[in-house]
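Please go over the structures that come below.
Two complexes are shown next, each including chain A; its partner changes from chain B in the first to chain C in the second.
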Partner chain A sequence: MVHLSDSKFALAIIVPIMVLELALTAYPILYSLYTSFTNMNIMTFSSGGTFIGLANYVEAMNDPLVIEAIGVSLLFTALVLSMSIPMAIGLGLLLNEDFPGRVIVRCIVLLPWFVSEFISGVTWRILTHEAYGTFNGILYSLRIIGQYQAWVKPDTALFMLSIAYVWHYAPFGAFFVLAALGSINPESYQAAKIDGAGAFRRFRSITLPHIRYSLIIVLILTTMYALTSFDIIYAMTEGGPGTLTQTLTWLLYREHFANKQYGYAAAVSFVLMILVIVIASVYFIILRRRRK
Partner chain B sequence: MNRRTVVLAVAVVLTVVWSIFPIYWMLNISLMNEPDVLNRPPNWVPNPLTFNHYTSIIGWTKELSRIVSGQEQSIRRGIVNSFIVGTSSSLIAMALATLGAYAFARFQFRFKGGYFFMLLLSRMLPPVSIIVPYYLIFSRSHLVGTHVGLIITYVAALIPINIWLLLGIFSSLPIEVESSARVDGCGRLKTYSSVVLRMASAAIISMGLLAFGTIWNDFTYAQLIAAGSPAQTLQSSISGLFAHYVVFSLTGAAVTIGMVPSIILIIIFGRRITQLRGLGSMTLREAA
Partner chain C sequence: MSKEEKVSRRRFLKYVGGGVVVVAVAGAGAYYYYTTTAPTPPTPVTTTAVTTPLTTAAPVTTTTAVEMKTPLEMNIWPFMTEIVEENVKEFNRQYDENLELRQIPGDYNVAIENKLAAGTPPDLCYSMADTNNKWYKAGWIQELDAAPWADELKRLCFPGLLDACKSVDGKLIALPYANQTSVIYRNLSLLTDYKDYYPNTKEEFLDHLLELKKKKIADRPWCSTWGKLMWQLPGGLISECTAEGDYLFDENLDPTFDVNTGIRVALDFWKALWDNKLVAEEIWTWTDADYMGAFETGQYAYTLAYDSHTAVYNDPNLSKVAGKIEFMPHVPGKTGEATNFAALYSVGKKERTSSEMARVYNLGSFMAFKDKYGEYFVPKRFATLAKFPPNYLDMAQDPEVKAIFLQMMTEKEWDWQQNWMRTLVFPKEWRAFWYPEWANYMYDQVYNGITGKQSIPTTIQNMRKEAEDLKKKYP
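On to the complex of A and B.
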């Protein structure tokens, strides 16, 4: 066997791995950036398309569909956050209590997070189906509704979509909160109780400071995931009805795979990336300010 | 029973129902004949009970005749493909990641920090932003719709996070055992395979199983690289069921099969995952 020095041995392992990683991340990004400056589509794919500068970006910024999609993405993210963060806290607090069968309940609560986002979407699509859906069935059996009705309709579609996403994703937040709650010394609650602090006061001055750091991580990750989520839309609404649940991710998917406008789709994907970076920066700036 | 106990019990029951009911319902309709799924009001338990959908997916019984044919076959192929792709990608990824983590943990070389930073940074991007170019690049190199295309994608997606997690584990292993193995004349690769891998085997197997689950659950990459091809995975073949007339009971069966690895993983890791903090970063989507 050839004798390599320690550092050469390590590099012989690391360099091929780096090549693989960069070939599948840096190269695609640069290729996509190049594509976004061309008019590449299904017709011009083999020749590579012609360079058209920022035209795709200018078009995207003037495209009412793109503007609408940015709004839908932001609204979806806001809906998801407004439900999943309180739910994560609630579930975390509940699972932190001591009761018989706690381990099994914890596993059951985490299960939706382990189920794939796409399968979660399919499940909720069937549950909310207008003709045969389970919700219709339950409410009908309980005589709350007189007849079957559509749940995913123009004014509720995005809301139903976010409920399905929260079902899949809130356990992730609960898991983080639970981990943080585990680090609280139970004696501090006892002490606060003796000092006469009520339940709400104890939550605010003991629990919240302990889980704040975890909550911020959950907030940031949930925002990123909701903004870039795609599977659940594919599974549940396919952007519909009309374009009411067409997020930026769904729009760029449509432009790429249905309209075959590769250059334009690439430009939209960078618009999305910029949106994600801007929102992430806003979070970090707020965090910085808070710390000072 | 005081008030607190009652409130707690109600909250636990509601939480459990919320979490498990959608999953139960998929199992429920998968065990019904299609006309029974459409009953108003619905049946809470399958009556009569049938395993037809499962047996015809496996291929033991004949495919049920429907408007759209070949759905069972497509699901079956999806399951097989998910197994092929999931097993090979997680094995290759874990082999490379353990080697990589060993190199990072035990040896000094130039630009070590830079390599490591680049490795982690490469996976900070949202998947949708690299998926557009993937399709174009893969179709130029004829990897669209192939197992190899999927495996390359998943291996590359899984390596960084696993190197990162393994690095922590390898660094905590006692170095004396390795040193004495080296003194006894073991080469570096021999030390790696017979000492390091053996000492960390439990963690490596756990991470390999989670990696398999991640790939099994992936939809975005699978759909964009291999949808409609002979290599399409289970998640893609489920999406194909919605292309025409939806057969709820069969879809329920496919979805239930798709959930089985998730349920197995939660049974294996559920107890531990609620105690471990480090694994929080190992979310299923983050790794993909």
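On to the complex of A and C.
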């Protein structure tokens, strides 16, 4: 009988899955990379287009739409992070408390995460519709507003989009936090109370250190997902009004599927990938420094 | 942890891994067996090709050699699929055929293009006027001039709709499915004092809308969508321009518009709508469902839409304006001409024998034109059941078809509809390979112009330059 060491056994389990993953993703990524160096469009698709080197990347870096889309992507991500992280902490703390019906409440809180991002966008579209939306109906009936309001207008479109995204995404973070909170010994809080520590002091000194690494994971994942988000934009605003919610992901969708510029869209997709890698790298560098 | 616990956990994982391998091998074996086992040969049938025009009383057929009948494939987007399923059954019955219908939900154009690009074209599929020429230039769809019924179809089809079916070089590359003319609907429940008032110019119309707002009859009287899709802001602007006699492009697809043509009037009108808060603030992101739903609430006095929406707006289960709407006889403007947006059928291009092509011609004729017996079976079903306006001159004279439409509109509206069907203008720029790129650019520029980020003349100049540059880039 063959006896494997723990590390070899782990490799034996991981390697087949890695090979499958590489087989399914490596070819599309490499083909997309090649396409980004060509002028491939719908007309030249069958011939593969002509090799044009870095021309697509140069055009992308000089394209005001790409620069604007990078800005919109970063702003959208910042809005999402500024709301979803506190919400994840708050929900986590709330769900960690012991109260009747806690299990049911946990299921209800998780529901927005179970619903797809696209359906979340459609739901929020209906809730906020200027002519017949639920929010307007309720607020008008309660006489809080005198007439129906526009919620997804030029001034507020990106903000409403980020609220819809946070509604969908925050429960995911909350459960990471909840899992980390489960590792805290309750006696620590009791001891802190006896020593006279208030709620904020207990949170800062006991809770936060325990959930810090979970929060960092949530931060990294939320950043990556927000930067590459598409479904909710497609459902709610389609990149509008104007280009106010046109993120890089939406722009490359427009270039590929509407304009049929496959080579240029591939280049924009790698610009997005580089942006995500750079930001993720910054997080990991900060994480490593803090560990040291 | 003890050595025994380590061993038993490892052994457990080994068993699980072994189980997965067994299942995977069994699955692969089953897949191999079912995909390589020779299928039961289909029943040999005789394929008949209808080779003479369908207007003869008894179609003459020739019998080709007996051959195995592989299924024909038709792809559609999900709309009124119960009607299409019955159409398919009737086609299979009339021609003793084997047509398979496949619905493609979601982003239909993207899915069909993937199929076409992958070399698995359907025999017939829905398509749009702006995509057909690209697909044709890419070699993905079939020319249809050689079809035995092509000349008759060209003679009987409304001219503007026939234009939508043609390529840049005049070839028939699509067949009519659903024609939609850009029209303005009026909500008569808000216009009790303006029942017979039809403004002729955009200036008159703007004054009228301002009056409706001032009198608190409608706070935002104009309902539309300025969204990004081809038939939304781009289509709406083209419609407004055409009504001013500005076709934007010539036969060679060179831009003919500038700051002194009708596009200036159209954009000034739209800017006035925005500045005076006569339209919804969310108009830039509204989908078709959004703006149609908004009009159905009864809050809006007018909407720029398509004449195929009549049945929806008149449905009492969906609409608060049911029974209270009316067309305007024209889009206000110097000429009042109307444009159309057509949904079509295309035939995927692949190697076919002459008898296979004959089967596809039968399919195209049945779905888009006339059936085996010379009747407008499918177009008439769509006219009477889905309330699509008739596509053919003689079909529009059918008393049964007219009677169905007179349930939804008055005699004068029917006359208006017939008039604009005969004279409607197909926007030729939709044939341009670069049109989607220009339409996206148009959207961005119009947004900037209307919201005041730049002037309207700058907007028009930018749009013209972009059209010229794109034409040079993609000759």
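As a working rule, the second predicted complex is superposed on the first by the 269 of 292 C-alpha atoms of A that agree within 3 Å, B and C clash if a C-alpha of one lies under 4 Å from a C-alpha of the other, contacts with A are read in each partner's own complex, and residues count from 1 in each chain.
What we mean here is this: a residue touches a chain if its C-beta (ideal position, glycine included) is under 8 Å from a C-beta of that chain, and two chains touch if they have at least 3 such contacts.
These numbers come from a predicted model, not from an experiment.
Q: Chain B versus chain C on the shared chain A, clash or fit?
A: clash
Q: Which holds for A:Y165: it touches chain B only (first), chain C only (second), both, or neither?
A: Once the two structures are laid over each other on A, A:Y165 reaches no partner at all.
Q: Regarding the shared-chain residue A:Y264, is it in contact with chain B (first), chain C (second), both, or neither?
A: A:Y264 sits against neither chain B nor chain C.
Q: Looking at the overlay, what does A:A157 touch: chain B (first), chain C (second), both, or neither?
A: Touch status of A:A157: second partner only.
Q: Check the residue A:F76 against both partner chains and state whether it touches chain B (first), chain C (second), both, or neither.
A: Once the two structures are laid over each other on A, A:F76 reaches no partner at all.
Q: Just to be sure I read the superposition right, which of the two partners does A:I13 touch: chain B = first, chain C = second, or both, or neither?
A: both
Q: Between chain B and chain C, whom does A:I42 touch in the aligned arrangement: first, second, both, or neither?
A: So A:I42 only meets chain C here.
Q: Specify the partner with more touching residues on chain A, choosing between chain B and chain C.
A: Per-residue touch count on chain A favours B.
Q: With both complexes overlaid on chain A, does A:Y132 touch chain B (first), chain C (second), both or neither?
A: So A:Y132 meets both chain B and chain C here.
Q: With the two complexes overlaid, spot the stretch of chain C among 62-70, 98-106 or 224-232 whose C-alpha atoms clash with chain B.
A: The one stretch of chain C in steric conflict with chain B is 98-106.
Q: Identify the residues of chain A that lie in both the chain B contact region and the chain C contact region.
A: Correct list for chain A: 9, 13, 45, 125, 129, 131-132, 257.
Q: Provide the residue numbers of chain C that touch chain A in the complex, in ascending order.
A: Residues 10, 13, 17, 107, 109-110, 113, 117, 134, 137-139, 219, 227-228, 280-282, 284-285, 287, 290, 293-294, 297, 299-300, 433, 436-437, 439-440, 443-444, 447-448, 451, 474 of chain C touch chain A in their complex.
Q: Going by the contact rule set out above, which residues of chain B touch chain A in the complex?
A: Residues in contact with chain A: 8-9, 11-12, 15-16, 18-20, 22-23, 25-26, 29, 37-38, 40-42, 96, 99-100, 102-104, 106-110, 115, 118-119, 122-123, 125-130, 132-137, 152-153, 155-157, 159-160, 163, 187-188, 213, 216-220, 223-224, 235, 238-239, 242, 248, 251-252, 255, 258-259, 262-263, 265-267, 270-271, 273-275, 277, 280, 283-286.
Q: Along chain A, where are the residues that touch chain B in the complex?
A: Per the stated touch rule, the residues are 1, 6-7, 9-11, 13-14, 17-18, 20-29, 31-32, 35, 45, 91, 94-95, 97, 99, 103, 105-120, 122-127, 129, 131-132, 134, 137-138, 140-141, 148, 167, 171-172, 175-176, 178-179, 182, 221, 224-225, 227-228, 230-231, 234-235, 249, 252-253, 256-257, 262, 265-266, 269-270, 272-273, 276.
Q: Which of the residues in chain A come into contact with chain C in the complex?
A: 9, 13, 42-43, 45-46, 65, 125, 129-132, 147, 150-154, 157, 236-243, 254, 257-261
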